[in-house]
Each structure stands twice: as structure tokens, then as C-alpha cells.
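Here chain A shows up in two complexes: once beside chain B, once beside chain C.
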Partner chain A sequence: MNAHAVSAKPVSESTSGPSPMVACGLRKSYAARSVLDGIDLELPRGSVLGLLGRNGAGKTTLLNALLGLTSLDAGTVQVLGEPVQALSDATKERLAYVMQQPAGFGWMRVDQWLALMAGSYPRWDAMRADHLLSRWQLDIHAPMAQLSPGERQRLELVRALAIHAELLVLDEPASSLDPAARRDLLRDLAFEALDEGTSVILSSHLVGDLERIAGQVALLHRGRLLLRGELDTIKENHARVQLPAAAEALPGEISRRRLESGGVSVVIARAPGQPWPTQLTAWHAQPQPLGLEDLFVEVTS
Partner chain B sequence: MNTLARWYHAPAWLLGRWIATPVILLLALTMATFAGTLADVFSLSATTGVTAIMQVTLAGLPPLMAAAWWNLIGGRALSLCFRVNRMRLPHLRAQLLPALVAWAVLTVLLPAVALASHGGHWGMHLALLLGAAALGVLCIALPRIVGLLLVAACLCGGMWLARTHTLAILASRALLPWEWITAMALFALTMVTCARRLRRAMCSPHDAWLMRIDTLGDTCAQLDNLHAASTSGSAKLKGGAWQRFATALGPPWALPSVQATTLQIGVLLLLTGTCVVMGMEHWHGKPIPRIEWLLMLLPLAGAQVALMVRHRLVDAAASLALLPGLGSAAQCRQRIGLGLGRPLGLFALYVLLAVLGVAFYQQLPWSWLVWAALWTLSLLALDIVAGVHAIRSQPLPEFLLCVLCFVIALPACLSLAHSEHPGIGMLELWGVFTALVGLYGWLVWRGWRRQPHPLLAA
Partner chain C sequence: MDASILSIQPTAPEPIYRQIVAQLRRLIAGGQLKAGDMLPSVREVAGFHAINPMTVSRAYGMAETEGLLERQRGKGMVVAASHAASTNTHDRLHLLEPRLLDVAQQARELELPAATVLRRLEQLMGEDP
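Coming up: the complex of A and B.
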């Protein structure tokens, strides 16, 4: 597997202004297992970065590390211009994190929790919060402990959207939503990014959702970012070819999978504007364009 | 592997694999309390010949332990039962009943037989332990105030019986039917309450009923203040940012109102009065209160509070760490200290006032009693701080040290409550105890300072 060939374009190239999140050389291990292995990541301002990865790939660990919620073996993270381990209140007011499984505050009612949040965030938009609460049919008099995981996550989304954050970090935010609510959420996130310049990191298994709103994509596999860049660029410059089993490694080869027919399926990458490898003509192989989901499956399987 | 999966794969009949360190702490403290008290009672009886104290204490402690243990295991068993029903896990459900029976044999039947071999009727011991175990479960299953009143009522009854009959009551068959009727009533009430709780829980999406959701007026008032501050545009909240942490943690950390404070003082006075009046004894012609019961309950209460704080912090740590208003790591540390320290300080004040009141009323050596209360309170505070800084670590050595402290502390507390002039041996014991508390405090302080952020793992 050749990882170095896929970072075709610096992530911040298309943006202006300082990046709201910059991570360098993140390393994290649990016992002997390396979860993050030298992750570098820069989030362009006003962009939506989709973080893809299989179960257990370390997406949540990466998000936690990016927000300073887990200790690192090595590496540094800057969030909105401040070291993540020493975030000031002013910076915390500008960011929101929606966890995959929010917990805590079980003794409160929803309205009490909302009051706590409203008192903590100066930019709290009560009208927007009310609008989202009614749209997602959340009972504000219900005890927090009685909310289902999906309702709890929706409540966290209300908070994230009501504070007009400059940086939104969302861990599987749409997994518990029905299709209509998911579509609404994605539309809200797109508006946030386009109208207010909010930067969004979105971790999700739902590749279709990511394709709909993410301008940038990063694929986390075995602790490394295998793919990272603009979605369109990635899709244009990655292709699948079917070759005989004896075919030698191609330039820009990312993954190779043996087929039942005896051949191999190879995913290759090229630099933007460059032709596909000339070796393909010798094998009479035609590069097939890949959707994000196919690319994800091919690379991680 | 998540907790439920661990439960499913673990040999559930022991119901022990899921016991977290704080729970072990609680058990260890209970055991240490028992051991320390025994040591004290023996030393006291050896020096003063007050065998009645030993007999009553011996009779009273096993039920206390049984209640503490079943208070712990009852809640977990209910939670487990609820979850296996929801998750349709017949394998685990089938193991639950044998597990509970095994624990009943270990904590009720065997102790009853062991106690009966040293004196008293075995049926009396069995009824006492069974009733205490049921009471422990009821404290979890019933609303907190009802559970507290029930415990207070049983404590009053037990102490009154102990005062009037001492150990003779355990050998007498006259009260045996009444004892069994009480025990069976408590047992039946436990079964009915648990069944109702489970049925209600199955109708709701989550087992919030086990979380004892508090909606105290003072907390609501504090939240209203927060809301008013936010809507009026005044970002700075009245009283400082530490209140936000206290509010987020919920009762009893949230700012107490006059009404809540009055209630707390009233409950404490009630308990103290109960200890004094119901446990009054005469020693060398002088009435002495059983104040050690009050002091013995403190470490157990401290362990419970530490467990609660730890759970709430673990659940909400990530949210709190990113919540504006708690400041940088250093400021956050300071505000957590204030948020936890204020209610603790109030509680310490109540206890000291109660101890002083008892000491002056009974003309006891108040300085020693105050010292005893102070040391016990300091251990309680250290437990809670240790619970906070150990969000994701396993500070077992500190817990063991804490246990050691209790083993030494309680004999000292008990002896001082009954002696005007402690001997050289007791002073040495106090010296060792002081050193251990100091060491424990230093370990907690070091762990607290070493964390880069008080709400995040190191």
C-alpha cells in the first residue's frame, strides 16, 4: 500500500485566512497498538472536512485528540490559534463538539441543560435553539437521563448550531437521525459553512452524506491518513484497474485486492493533471472512475 | 468491549467482574470500619471492662455491613436485570438469580451462623441480617428521602433495643417473631419496590430511575439565574464561575438555598439526636452518647459521595472540559476546588457543630472529639478530591492507604469518645494516623497537580 502518492494537494491551498485547526505529528498508542501514527491535518477555514474510516480505525480518538480530550504520545494541535491543551474561554465559546454518544448531566431536565448552555455561551441563539428543538421534536421537560442516544445527540446538535461556532467537530452526527432529519442537518451544516464561514470536521460512515456536503475528505486507516484532499480532486485522480495476478506494482498504487476470477483489482492515484501510468496500456487495462464509497471499500478492505 | 459485553461474557454469578475501583474502595472502607471498630472495642473492653459496649457493637456491625453491601449490589443487580431484559440476554438473566442467592449465602446466612456460634439465637441474627440487607436494597430502590427516613427509623429501633436489652436481646426468643415479621415485611417491600421499579423502567427508554434524578429547587434557581444572565446579555454570572461547575455537577454541589440548608441541618440534628438519645449508655455512672456511630457513618458517606462525583465527572468530563466559563486548566482546578469545597465546608461545619453540641451537653472532652471529627472529615474530603483527580486512573495505593487510615482512625475516635485522658498508646496511634493522613493528602495533592487538566486524563 502506497500512502505517500495520494496526498495530491495541500488541504489549505484553496482557502484564505488562518486555519482554525492545525495538527502536526499526532501519535497515540493504546498498549502496543498504535491508533494514530503521525497524523498531520490542517482544516481550511470555512470548509467541511469529512473524516472516513472503518470501525475502530481511530476516528473518535483522532477527534478527541484534536480537541485535547485525550492525551497524546506526540504531536501538537492548534485550535483557533491556541494550543489545544490551554484553550481559553473565548476560544471555547467559538467551538462545539458533538460526541457520538453524549453522556453526563443525567440529573438535569432538558430545559435546565439548555439554560446551562445558554448561560455558558454568550453567542447563544435562543430562537435558533427553539426552532431546532421543535423541528427535532425534543421535549424540553424530559429528564436528560431518559433521552435515547439519538435524542441526546440531537440535543447536542442543537447546542452546536445555536452557538454559531466557528469550528464544529461532529462525530457521527447523523447516525441516529431519520432521513428527513439528516437531510435538514446536512443542509444546516452546509449553510453554516457557506454563510458564516464555519469550519466543520464531520466523521461519518454515511459516505453519501459526506459526498453531499464535504469539500474535503480524509480517510483514516490503520492510524494513518491514506487519502486527504478535496473530494473532487480525489475522485478525479483515483481509479480502479483490473490486472492479471502477476502484474507488478504500478506507480501510485494504493491498494491491491485479489479477485475470485484470479486477477487483481488495483486502485491507483495520479497527480492532478498528469496521465495514468503508461504500464496500463501494456495490460490493456482501462482506469475505472471510483465513487467515494467504492474508493473507501477498495482502500480499506 | 463495552460494559454490557463484559457483563455478558463474565461469569455473572459472582456479580463481581464489573466492580470498579471506587466500589472496591467502598467495600474496603466498610471492612476497615468493621476491623477498626472491632480492634477498638476489644481494646476498650480490655482496659475498662465495658463488655456491654463490645457486645452491642458486635451485634450492630454485621447488619450495618450487610446493609452497605446490599445497598451496593442491589443497585447493580437491578440495573443488570433491567439491561438484560431490554437486551434479551437469556444467558445472563438465568445467571442473575444464582448470583444473588450466592451473595445472600455469603453475606447473610454464613454471618448469621458464625454470629450464632458466639452467642445469641441464630434466627435472631438471620432476621437481623436479612432485614438489614433488604434495607440496603430499599435505599437504592426507594426515593432518597423515603430511604433515609426508613434507615433512620430502623436505626432508632435497633439502638433503642440495644440500649434496653444489650446482647441479651439476641439470645432471647421473645422478640424473635417480631424480628422475623419486620424482616419479612422489609423483604416483601423490597421485592415489590424492585418489581415496580423494573416495570416502570421497562416502559421508559432508559434506566433513569436508577440515576436518582434530582430536581431540587436550589438547583433550578441556580439554572434560572444562569438563564437570566444569558438572556440579559451579562455573560458574567453572579457568584463566580465555580458555580457553573457546581451547577453542572448537580446536587449537592449546586448552590444550596436557605430551605435546602435548613433541611440538611435538620436531618443532621435528627441523626445526631438519634445517636445521642437512643444510644445513651452509662459508664462509671456517667451518661455517654454513642457518637462513634455518627463518625463511623462519615467515611461511608464520603465513599458514596466520592463515587457519585466520580460518575458524574466521568460522564460529563469531555463536555465540561470544553464548556466555556471554567477557564484555563489552572483556573478550572481552582474552580473545581471551590465548587466541591463549599458544600464540603458547610457539611464539615454542621458536623463540628453537632459534635460540639453533644460534647458540651454531655460534658465530654470536646477537644478530642473535635479532633476526631476533623480527621474523619479530612479523610472524607481527600476521598472526594481523589475521586475527582482519578477520573481515568486507578489509584489503588491511595485507596489502600485510606483503608489503613480508617483501621487506625476509628479505634482512636471511639476510644476518645469514651475516655477523658487517652493513654500513651492511643497518642502514638494518633501520631501514626496523622502521618498517614498527611501522606494520603500529599499523594492526592500530587496527583491533582500532575494532571495537565483537572477534567482530563493525564
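Coming up: the complex of A and C.
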């Protein structure tokens, strides 16, 4: 399929092996609007990374860019050790992308589609596929065209898990599901990462979902990644303080928002193990720890 | 014991692994968990609460380092022998300290006198001994 196949580098099986996804300096603009403005991202092997962002922040564009599905103005991406523009067929079989609104194959029945997939992927695990189909209550006799968007997306997820993809990229995988089904799906993904060492990137605007299962988070805002890193570390090292409007900028300040009361709400970050800035005592300000949702709102408003 | 003994709030500012360790500390100090009691597996806890198993694993690892838990071959995690319930009131009160600091701060912000807060606390503890 791909004439530019590059010989695969040996990949270590340990969790400390090479990162399955490394992106450096990604830039892309549409006309004058910069959508990706210098994105760097490294996904630790076997981890679940939650990509957060408001609707329209460009999460899908970023995922497409990470998988080489959209052209970039600048930057490089390595996927499973190969440049994304020249992935070998063997490497392509080790990754799966579940789009937000998969389409196509409307003229087939689900079982016919499954047979097609089973024939296309040497790594296809039929038992796993059957198990997931019944677990997620997908009717294999249904015409593909009659599946709801959520069912269609889950069917893609069956494919992703049945081929034992090592890198799984999911665009808003849970947005069309009810809360209980969403929770089941996220649990399945987290166990997948644990049991198979699968590395997962999933985008969502549902912060609560990501907070449950993402070990790593990255917040896409105005073309840049804010709050990138381990979720626990982020929570422990960011806080909100309320100060008078006249307060000068604090060390580690990452956002400042005017309050109706006249003061300002400031989010500060510190290096792990370091104290909060001493200036706070002068203002009698108490750093207030934040959940991810509050943090998200503070830094994006 | 099963995974429902832990109460986890994923959206709280406190990271989930810290919530788990703090609860284990309290359950052990309070005697609800006794030396040798087996803990639910990482899978059970993660599955029950729909959280990342690696977070649970991290919490257990930290509790082990702290000497709260011991890893027993073939059995999983058990409450460490040296950590029987603390009979010392001072030790047990110390575990409540972060919560009390929160209450004290919020009571001050609400301008509630200590006596009023204490009366309510007594009621709450009396209702649910």
C-alpha cells in the first residue's frame, strides 16, 4: 500500500520502551487562523492520555495531524518509532483510529463488515470481537446504515480492540453514550491499557470522564497545549487564589480572570515539591486546590 | 472487604491515589481494617469505581512504602502486621487534622462561632456512633 515503507525499529516490550507517539513543533493554520501553534507531545507507553479542549478547540485537527491524516505547516510526528508520513504496513496494523463519526460501508450488514475486517487484519482476534459485540449489545445482523452514531462508533472500537492495536486514538469516544455506558467503555479502555500495554489517546470535552481514567492529560487551547502532563501532578501543583485587582503578576501565574466583585481569580502553578509563592501571605490569600473541571474553566476563560 | 469500602471522588481536587491512601490510613487506624485483612485487588477497585487501575496500583504501592500494607505472595495486598488499630487518641486525631483545618477555615469564613460548630459536630457524631 505504502511505497515509502520504512523498516520497523525493534520495539521493546517493557513499559519503559520507546514512546508510541512523539510530536514536535506541530503548526497548522487555516487562512490567518492558527489552529496548531507549536504542539509538542510525548505519550508514555501504556498510558491513557486525555486530550481536553472546548468544542472547536481543534482536538480533531490535532488527532488527525498526529496520525498524518492532515497536512502540517511545520513539525514532525513519530508513531511507533516511524515517521507518520511513511508508516510501514506492519506498523499501520498496530494502530487504530476511532473517529467521532465513522462512515461508510452503509450497504453492508454488520456481520459482513466484520468478515471483511477479519480478512484484512492478520492480527484479528475473533473471540475478542464476539465478546465485545455481545458486551456492547451490537446486533450483527443489522445493516450498517441503520446503526446509530454511537453504535457505529462502538463497532469501530470493536475493530480497534480485536486487532490488539498498540496505539489507540479515539476522538470523543463516549460523547454519544449515556453515562452508564460511557463509564463501562472507559473502564474497558483503562483495563485494555493495563492488560495489553496499549497506549491510548482520547479526546473529550467531558472532563469528568477523563478525570476517572486518564493518567495523563493535555489541554488544547488556542492552538497550544496547556496543563500537559500527569493528572495527579497537575492537580497537586495548581491552585487558585483570589487577589485584589491591583495585585502584580505572581511567579507561576498561568491565568487571571476578573471577578464581578472587583478582585481577580488567579491560577498559579508550582514545580513539584516547591512551596507556593511567598507573595501570597502579603495578600492573606489561601491557595485553593482545584479539580480538573475548575482548572479547565479558569485557564480557558 | 470489597471495593465499596473505599469512597472515591474523581472530580475532587485531591488526586485519586491520595484519596485511597488517606482512607486506608483512617480505616486501619480506626480498626475497620485489621492486620492481615486482605484488600480488594487493583482490578476490583478500578472496576468498581471505573477508575484507572494504574492509579489504584500507585496508591497501594504508596501505602506499602508507608508500611500500611504488605504484599503477600499469591494473596495480594494485606494490612501490615505492625499497623494494628492505633489505640492512641493523639495518633487517631492527627489523621483527622486536614479535615478539621478545612472545617476551621470555612467556619471562620462563614463567621460561625466554634461553639455552634462543635454543637453540630456532636449531633452528627451522636446520630451515627
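Throughout what follows, the second predicted complex is superposed on the first by the 286 of 301 C-alpha atoms of A that agree within 3 Å, B and C clash if a C-alpha of one lies under 4 Å from a C-alpha of the other, contacts with A are read in each partner's own complex, and residues count from 1 in each chain.
One rule holds in what follows: a contact is a pair of C-beta atoms (placed from the backbone, for glycine too) under 8 Å apart; a residue touches a chain by one contact, two chains touch by 3 or more.
Source: prediction; values computed, not measured.
When the shared chain is aligned, chain C comes close enough to touch A:Leu194, but chain B does not. Once the two structures are overlaid, the count of chain A residues touched is higher for B than for its counterpart among chain B and chain C. Of the residues of chain A, not a single one touches chain B in one of the two structures and chain C in the other.
Listing the residues of chain A that touch chain C in their complex gives 47-48, 183-184, 186-187, 190-191, 193-194, 207-208, 211-215, 231-232, 235-236, 286, 289-294. Partner chain A is touched in their complex by these residues of chain B: 204-208, 211-215, 219-220, 223-227, 229-231, 235, 237, 244, 247-248, 250-251, 312, 315-329, 452-453, 456-458. Residues of chain C that touch chain A in their complex: 10-18, 43, 46-47, 49-55, 58, 105. Here chain A touches chain B in the complex through residues 64, 67-71, 85-90, 92-93, 95-97, 99, 102-109, 112, 115-116, 118-122, 124, 126, 143, 145-148, going by the rule given at the top.
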